[in-house]
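These notes open a run of structures that come right after.
Two complexes come next, and they have one chain in common, chain A, joined by chain B in the first and chain C in the second.
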Partner chain A sequence: FIERIAEDNSKNYQLWHHRRWVAEKLGPDVAGRELEFTRRVLSLDAKHYHAWSHRQWTLRALGGWEDELDYCHELLEADVFNNSAWNQRYYVITQSPLLGGLEAMRESEVSYTIKAILTNPANESSWRYLKALYKDDKESWISDPSVSSVCLNVLSRTDCFHGFALSTLLDLLCDGLRPTNEHKDSVRALANEEPETNLANLVCTILGRVDPVRANYWAWRKSKITVAAI
Partner chain B sequence: MADKLVAGKHLRYILNLMAEKKKESFESVVMDHLRMNGAYWGLTTLALLDKLGSVSEDEVVSWVMTCQHESGGFAGNTGHDPHVLYTLSAVQILALFDKLNILDVEKVSNYIAGLQNEDGSFSGDIWGEVDTRFSYIAICCLSILKCLDKINVKKAVDYIVSCKNLDGGFGCSPGAESHAGQIFCCVGALAITGNLHRVDKDLLGWWLCERQDYESGGLNGRPEKLPDVCYSWWVLSSLIMIDRVHWIEKAKLVKFILDSQDMDNGGISDRPSYTVDIFHTYFGVAGLSLLEYPGVKTIDPAYALPVHVINRILFTK
Partner chain C sequence: MPVVTRLIRLKCVGLRLDRSGLNRRICHGGHGESTRRRVMEELSSLTVSQREQFLVENDVFGIYNYFDASDVSTQKYMMEIQRDKQLDYLMKGLRQLGPQFSSLDANRPWLCYWILHSIALLGETVDDELESNAIDFLGRCQGSEGGYGGGPGQLPHLATTYAAVNALVTLGGDKALSSINRWCILFSLWSVSFIKSLVMFPLEYLHVTHSSFREKMSCFLRRMKDTSGGFRMHDMGEMDVRACYTAISVASILNIMDDELTQGLGDYILSCQTYEGGIGGEPGSEAHGGYTYCGLAAMILINEVDRLNLDSLMNWAVHRQGVEMGFQGRTNKLVDGCYTFWQAAPCVLLQRLYSTNDHDVHGSSHISEGTNEEHHAHDEDDLEDSDDDDDSDEDNDEDSVNGHRIHHTSTYINRRMQLVFDSLGLQRYVLLCSKIPDGGFRDKPRKPRDFYHTCYCLSGLSVAQHAWLKDEDTPPLTRDIMGGYSNLLEPVQLLHNIVMDQYNEAIEFFFKAA
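Coming up: the complex of A and B.
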């Protein structure tokens, strides 16, 4: 009954809640059924906010974590720009009782994310996910060579948006990354104006140009740079 | 392409819609259960355009009161079930008309306070759905009624903060995707309770300004989604509350909103060339208010009511 109404009225909040109320009464056996239900809604709208919220509730309250990471992958294969799927991926690697937690999953997830970034460098979600993998661990974030090298890789390309690679590099520099000559050359190749003595400053200047709608933000970032002139 | 706000057309559009409850139109029937929200959107827009006097205050206020349930909460329409969503809209409507004094404040505030859960979160109604939207609603409503002390504010705030994500944004529950609508609710609640220091303003400010699309100037609600006029409210009010609105390109956003108007029949849609509705009409005008568009009165970003209305409430006993 609920399913029929839900499919036509999937943005009705109360409906989702009623479903949860029923599911709770029926217990963990219905985890599979709830996951299947949300999967059907998500097949029509893969970013459906209530469906994702229900899916997270189901996993938390009833279990069924086994196939969730694969499900996220399936959705990302279909649309690597699906921010909800990236968010769910993070939810799984940090909350699933079947996996080892963020640090244990980091290496494989970094590798997964970098592949996604290289396929679509203008994807805000994948860059954010990459950073999230280093939650609270600045040291690893700035010292992992694959992070700075994905920035360099993207910056060396002429066929794509450089904004996220530049802002990621900016964050690394501000967090203490000591730039190599490769970093400096890579950034300078994108500079039109006089190269500044401070690399982070130069990155902000370029960002003001390649991401003009956020010019005020990049100007503010520049004003906040405290790393010594490099 | 539009270069101005056609306020007169929007006024006519809204007045026609509000009169529609006398007709059996399809839209009217379909929107029946959330008429209270629709009334709040329409009336606040009129107030922002300084045209609240165009409606019959008595008619509206008496209809609002017929929607109150014996529990103290308000329903979306006469005879429907109460919910915090409609309770807030009802209180906001009464505030617009300076008629809060007709309320049994004890009754309404008890209804809301009774919906707070052990962990500080709020349910929307007796059926128990939990969402940070309801935290905002409870806090905003009780603040207007000057009864915030009826809830455990510390726990309410701690629950909201538990819904903060690594990107600085907030979701509907812990771990849920950051979404501009939820962010407005969480930041608004934190603003009203004096807890904006729990927000990482620089980080969230960046996430919010990343919602602006270079091409259209419009704002989306999450990464890689389409721009929509309603985010002109949710993203913008959040930016204003955390004092980072200068990080978006205001002129481009104004243009996006103006281009989303129906220049002939009035009303605003979610983006240029789409169908208008009252929801987007309100958010478009409210967004223009936040952008200080001439001829639109100032709206309070946390309470979503005209500033002169909030001042009237906060500065009287």
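Coming up: the complex of A and C.
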């Protein structure tokens, strides 16, 4: 019954809420059916907000976590820019009772994400996900060589967007990363004779040029850099 | 003109998703058949996200290029908000809130709000008859136990309650504001047929109905409260950040906030801030513009905003503005005119929060450096304009120390803020790509107009025009307003999206009779 209405009115809140109410009454036996239903909706619109909420609720309330990471991978293979799939990935690694939690998953996820970044350096989703893997653990974030090196790798390329590599580097510097000569050279190579000596300031200046939509934001960031970041 | 041909003729289109590949080949590849074939191949090798983004950019930059190539008078026409046409569209909509809108039957309070608020943003009012009909209709949506439903006889719902209250506040005046009182208590005592014959009550009775109404609304809001700290949309309804916001917004305006309502709410909203920095509808859900606005506004209203990670929230929000200069709702999704409000409002709210904190810590002088050209030029213009203003009692001093300009406490300059987003670019998107010259606004080119988008495009436009101002007493500068001062809209109260004057009137009304 709900599925017939769903086809025409999939953005209807009431419909999804009713579905949740019914499934809750029926219990864990229907986990598979609910996951299958959301999979079908997502095959038509891979970013459907209600479908994703319902899928997360189903996993949480009824189970079925076993294949979820694979499902995320499947969606990302088809479209690495699917931010909903990245979001779901984060949900799985942090919430699944079958996995060890964020810290346990970090190494494999970092390597997965870096691969995605290097293939599409202009994909915001993968950069944000990378940072998320170090949530609440600044020390690991600034000291993990793979984070630093993915930035340097992208910055050394001439044919791609540098904005996310630069802003990631900026965040690292503001969180206490001590820049090496490699960092400094890498950034200076992109500079246009700007007179900054403070590396974080220089990164902001370059960002203002390379990511002009956010020129105001990068100027604001520069004004917020505290002396410690030098 | 086929897509491929138009693409080849465009100057380098900033393709957000892949700066290296497709657009470079379009720019440098020449116009031959082989280029055409290569471009078509490339298009089909793109992911869904890339392809959709590419097509939207094609439409948007087509409009921008047409604008840039037009003569001055055409440009002037394209930038104009077209007030008369907008009002025609809105007034017709209000009058026809009838059979045409049956699919939105549960949403007629929303339509009232979207249309009335749009009219108010344009600085206009509705005639007495229309106003009376609206008040009457909304009154009939009010439930006997408090709250407003989607239509007469429907169960009360937080979203429609929010819309009804906002619509009545926007209408303003004693009749609209006290109508909330009147209907509520009487509905529970008298039958439907009596209601139509009611007249205004003397002031003392108003006081009684007023406090009884607030009790009923209070009861309704408390019934929607969940043990987790959040709110449900209706009895046994869905719970999400939107429900939290609508409840708190109503409670705040009507002066019925209490500890029971705010208990645990901050915890719930906090749990909805995602790893990206934005806020999702429920814990775990993807960061989304609409929910980000709701979450941030609610946290500010309950005075717990500092519990959020404001740095990452700001970072996420400013990244939602794309090459089209409009805002998208989520990372790697498409631009949409309605996010002009949902995303720009948080940007401005955050700007103000940070600037308040700075002011306390660092005092009131503003150090200007030549950071990037745009920013620098804007500062220099500030100086020129402030010389012309004579609203300042203090001196406009400008000293030069160590190569930096230090502006001493100047009433004008200190009332302006450093923006974190591109306001003029945003206004350009709304006026050239969302606005329909015949009236109304839309999501993006090729989409039809509707009242929801009209409301939020206009609201967002107002936010963008007033973004530089720290307080409501400072007027915007002419160059803050894309299309000139004739496009200026009324300022809104950012936490409720109600025109400031009407908001102030409502606060006076509901807080005075406390």
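Everything below uses one rule, namely that the second predicted complex is superposed on the first by the 225 of 230 C-alpha atoms of A that agree within 3 Å, B and C clash if a C-alpha of one lies under 4 Å from a C-alpha of the other, contacts with A are read in each partner's own complex, and residues count from 1 in each chain.
Rule of thumb we're sticking to: a contact is a pair of C-beta atoms (placed from the backbone, for glycine too) under 8 Å apart; a residue touches a chain by one contact, two chains touch by 3 or more.
Note that the structure is predicted; figures quoted are calculated from it, not measured.
When both complexes are superposed on chain A, chain B and chain C clash. After overlaying the two complexes on the shared chain, residue contacts for A:Ile225 are found with neither chain B nor chain C. In the superposition on chain A, A:Leu15 contacts neither chain B nor chain C. When both complexes are overlaid on chain A, the residue A:Gln95 reaches chain B and chain C alike. Contact with neither chain B nor chain C is seen for A:Leu152 once the two complexes are overlaid on the shared chain. Touch criterion met: A:Glu124 reaches chain B and chain C at once.
Contacts of A:Ala46 after superposition on the shared chain: chain C is touched, whereas chain B is not. Between chain B and chain C, more residues of chain A are touched by C. Superposing the two complexes on chain A places one of the chain C stretches 4-12, 40-48, 382-390 or 454-462 into chain B: stretch 454-462. In the superposition on chain A, the residues of chain A contacted by chain B and by chain C overlap at 13, 16-17, 20-21, 47, 49, 52-53, 56-57, 81-84, 87, 90-91, 95, 123-125, 128, 131-132, 135, 213-217, 220.
In the complex of the two chains, the chain A residues touching chain C come out as 13, 16-17, 20-21, 46-47, 49, 52-53, 56-57, 60, 78-84, 87, 90-91, 95, 120, 122-125, 128-129, 131-132, 135, 159-161, 204-205, 208-209, 213-220, 222-223.
Note for the complex: chain C touches chain A at residues 16-20, 24, 47-50, 233, 236-238, 274-277, 281-282, 284-288, 314, 318-319, 321-323, 325, 330-333, 371-372, 374-375, 418-422, 425. The touching residues of chain A, counted against chain B in their complex, run 13-14, 16-18, 20-21, 47, 49, 52-53, 56-57, 81-84, 87-88, 90-91, 94-95, 123-125, 128, 131-132, 135, 211-217, 220.
Taken in their complex, chain B has these residues touching chain A: 124, 127-129, 131, 166-167, 171-173, 175-179, 205-206, 209-210, 212-214, 217, 222-225, 246-249, 252.
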